[in-house]
Amino acid sequence: MTKQTLPNTKPIMGRIIKKWEECEDTFGFLIDIPVKVKGAKPGQFIMLWIPGVDEYPIGIADFENNVLEIGVSKMGVGTEAMINKNIGDLVGIRGFYGKPFQPPNKVNHLIIGGGFGMTPLKLLTTYLLLREEKEEIHIFEGARSKNRLMYLDWFQNLHDQKKLVFHVSTDDGSYGYKGFPTVDLEDFLQKSETPSVIYAAGPERMMKVIFDIGKKYQKVIDMQMSFADRYMRCGFGLCSYCAVDPTGWRICVDGPIFNAKQIEQIEDFGNYRRIETGEKQRI
Amino acid sequence: MTKQTLPNTKPIMGRIIKKWEECEDTFGFLIDIPVKVKGAKPGQFIMLWIPGVDEYPIGIADFENNVLEIGVSKMGVGTEAMINKNIGDLVGIRGFYGKPFQPPNKVNHLIIGGGFGMTPLKLLTTYLLLREEKEEIHIFEGARSKNRLMYLDWFQNLHDQKKLVFHVSTDDGSYGYKGFPTVDLEDFLQKSETPSVIYAAGPERMMKVIFDIGKKYQKVIDMQMSFADRYMRCGFGLCSYCAVDPTGWRICVDGPIFNAKQIEQIEDFGNYRRIETGEKQRI
Amino acid sequence: MELETTVGSIKLRNPLILSSGILGTSYSTLQRIYEAGMGAVVTKSIGPRARKGNPNPSIFALQEIKSVINSVGLANPGYKVFREDIEKLIENKIPTIASVFGENETEFVEVLEGLKDLHILAFELNLSCPNIEKGGTQIGTNPETVFNIVKKIRSITSSPIWVKLTPNVNNIIDIAEAAVKGGCDALVAINTLKAMVIDIDAQIPILGYKRGGLSGAAIKPIGIRYVYDLFENFGEKIPIVGVGGISRGEDIIEYLLAGANAVQIGTALGVAYPENMIKFFQMRIKKYMKEHTIEKISELVGGAHK
Amino acid sequence: MELETTVGSIKLRNPLILSSGILGTSYSTLQRIYEAGMGAVVTKSIGPRARKGNPNPSIFALQEIKSVINSVGLANPGYKVFREDIEKLIENKIPTIASVFGENETEFVEVLEGLKDLHILAFELNLSCPNIEKGGTQIGTNPETVFNIVKKIRSITSSPIWVKLTPNVNNIIDIAEAAVKGGCDALVAINTLKAMVIDIDAQIPILGYKRGGLSGAAIKPIGIRYVYDLFENFGEKIPIVGVGGISRGEDIIEYLLAGANAVQIGTALGVAYPENMIKFFQMRIKKYMKEHTIEKISELVGGAHK
């Protein structure tokens, strides 16, 4: 009965077998992990260890056999160290951690995000496309400008194949609609009559806006959002540096994906995050 | 590949559910072990812990589901403490340890022993009786006098049912033939023409005599003997207090059952044993 | 059958206490864990000012031995900020023990002065963290320093003072003696064991701080040993809180029998469903008490000393 | 690719050494284990006279954490009797390290005097057994005592002297410093950790001696830490032999990277087929060296210090 064991291991070293510039300041990597690992679900993440530098959470973009695809955006020393790695280099991986997106059936799937938030959304898209159900999938991606759109070709391709609808926007209008993707989303919601679920991953302030939009529409039957704006140490629920108030939920195991009912209870959402000291900081 | 793990646990507490005087100074016990344990093979032993007193090796007489039958002969403080235990009392058990008897097919099985050596021989007999093969089973049990014959009724019964031949002897002639069981065995060997395997368990000096007898007969294709005259601490091959020279075999894991080819190499056989200090002592 | 226990003057609804540094950075996680059925909770160790702690990796699991190594290095927001969390806990009637650390006596005093007005259940002095350069185990291995700090804190507050001991010592009794003489109200043993893990492919220590502390199942036999030693030495003279490697209800009973009046649990609660773990712990203890016809936890305390 | 290594002036065919107290009571088991492929073997610790050791249970496994607890208590036949076993080993060309213990300096001297004429590979001074009343860790936790004993033994024999350290200390460096100053030729770390296991049904400690020492996988992160600390402190000044919890080839590499010139393996060889284990260890090391294009063991030693 008390069979709950530690859900993870020390970092397992994987070798970078492919690296490409996905968009400005963001690189894609394929990493070969030399041990059997169970498949990742969309929304889950790994702790990525750059030996001698740092370890931090990174979402999973794709996964096949023992090869993992991730996308890393330059933020500071840790992510930069990864971006400076080359094919053949070793990095450590622990995971897969966290609760995944849980898309229901018979709804429109409205997937919205930006920046490295597109990483779990890519895997979610792959996952939805593999399902039997013929549901509409809409992607709403936004970025400052064209050269910061992640997986642009990948989504565009799927759009061209009529597998999904790719709504793309840039703040500067250099690609797609000019403006925020939230505007696009709201446009869509006004027109659509099908029950929908919104999946979001991106800056928390943007997710907050999405959440407020979604609440206005009854046809939005759920919203599932990835909380990636939290500092993590352990990744498996031990330390609580990633926790949100007042629920005491840990982003790493109780999240990172929360549904609308849960998000409603998270007062910190869009307002506060903890930093390394455990102190809360305004987002 | 390196999957060899520690083959055991800390003592598991079992409850005495039956106790009977098997013969003079020797008691039988049924012990209920509250966890699933894999079946014991004839010749294997347990480490029996009498809390607060001592822990020592004890052979397995029988086994069904989670109930273990053992027989304990009074030797010193440790065995006396067990004999003073009553129904409902708890004792610790680790095991099963050691290599079992490995009876081949299509031979006569000549089982010879005395004292608590009859314990593994009882399980061996049960095991042989369950086999399909119709082979002759001969039991040669000896003791000082009738009241020191272990499992007398049990073997006599099997003899009466014509399931085996029970050759019984006492030094004082109070039951069966008068004399040593080895004389009986040699008598039998002279007359028999079938290939035979001898299985022995009892005082090492007696086993030595048996070994010398057996060697004289080509029809004795193997001899398997249980070494129970060795001090044990760990029971699983770590400490070497039970080891024999010059082979460095540990009675607890490389034995306690050795075959004729092995016994030939054990110079200590019938000559030396180690005591608690590790010092060798003449047997 | 009652699960209540006492640690000196403190009454707990059951002997399960969340140990310091696990799920203890926010009032909300502490409250969540308490509400799942613990007897009390201990906060992350709080120092005089904000500390970033050590770089990541700072916590990972050693699954093979059901253990964890960490070098968090007392990352904490400082008592001025964390006061608010404690206040919320007290407001919500959560029996809260504030873990406090400092690099020296002055720092301990500063933190205590800053928190002593709170109606805390107890202050736990962390004299035993292996993961910081100054203070840490250095403080906790010197009987004189321990005596002085405890005595000083004793003069500041009338709240119960618990002293958390390190196992990384020649002789834990000397240190405990000093703490008791200094006037503490309970001994808490043990903190983590000095440890390290090296990755053989990267060929460097994995932890960002290189060195860390070992917790979890691997250290249980060590914790049991020290609690037993302490109880043998002090008997009823001072309550003991047992910590280290508890991962099953059985382990809690083992600590009680060794001499603990209550236990702290850390690593084992760092799981997806700590609520279930806590339920399992309680069920197991109740089952054991029923089987052994034990009415009160106190009947078990020190039961292995005969 | 070569597996050869050196510990000071001693050359070993590979870095695997059987540690003291495991399969070390008889020349025959020592020979068997050496012939299975070890680089050298250490005898059970030998004292001035026969010792019965502690009552049983004195060794059992803690499967959950792949470890063992023991309280053998230095049961040994005394050097006068055990001399014969050592002589046989030397005769058979087995590189043999004699582990020696005493309750005080005089006893250490007596044993050394009694064995120093033998062409032993080295004497290992066991200053660290947690399972005896007198001597044991008490000796090994006092720098002055350590210095005096090592210095005295140094004056008696020109054979290499290894000093085995206990992890049950405030500061292993102080003790190591004393041993080095006393003139030892290598440091061996670590011995077992003070521990205890209580049976909750019997409600007593399981070991006959109650207290014991923890060995096996649980203590590996602790052993690695101390070897790393020693190497960081002494560098090339003194060779280090790493011990504690090795159960896979990877663990051996981890110790080498931490700073060990060779390793000792105990608990992991207490299995039905130690020969297979030794083969596995060697295969794993060779595979690693091949993958990392390492030619000699010495390239690995201390490799994690960058």
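Think of it as A, B, C and D in the order they're written, each chain with its own count starting at 1.
By definition in this document, a residue touches a chain if its C-beta (ideal position, glycine included) is under 8 Å from a C-beta of that chain, and two chains touch if they have at least 3 such contacts.
No experiment lies behind these values; they were computed from the predicted model shown.
Any chain touching chain A that also touches chain C would appear here, but none does. In terms of the distance between Cα centroids, chain C is separated most widely from B.
Centroid to centroid, with C-alpha atoms defining each point, chain A and chain D lie 50 Å apart.
Centres computed as Cα averages put chain C at a distance of 33 Å from chain D. Taking each chain's centre as the average of its CA atoms, chain A and chain B sit 65 Å apart. Looking at chain C, residues 62, 66-67, 197, 204 sit in touch with two or more other chains. The residues of chain A never reach two or more other chains; the list is empty.
Taken pairwise by the contact criterion, the protein chains link up end to end in a single open path, with no chain closing the loop. Each chain pair that touches appears in this list: A-C, B-D, C-D. Residues 1-2, 4-11, 13, 47, 49, 51-52, 54-56, 90, 92, 94, 233-234, 236-241, 243-250, 253-254, 274, 276-279 of chain B are the ones that touch chain D when the two sit in their complex.
The touching residues of chain C, counted against chain A in their complex, run 21-33, 44, 50-53, 55-63, 66-68, 70, 72, 75-78, 81-82, 197, 199, 201-202, 204, 206, 208, 216, 247-249, 267, 269-274, 276-277, 280-281, 283-284.
Residues 62, 64-67, 69, 137, 141, 168-171, 193-198, 200, 203-205, 210-211, 214, 217-222, 224-226, 228-229, 250, 253-254, 257-258, 288, 303-304, 306 of chain D are the ones that touch chain C when the two sit in their complex.
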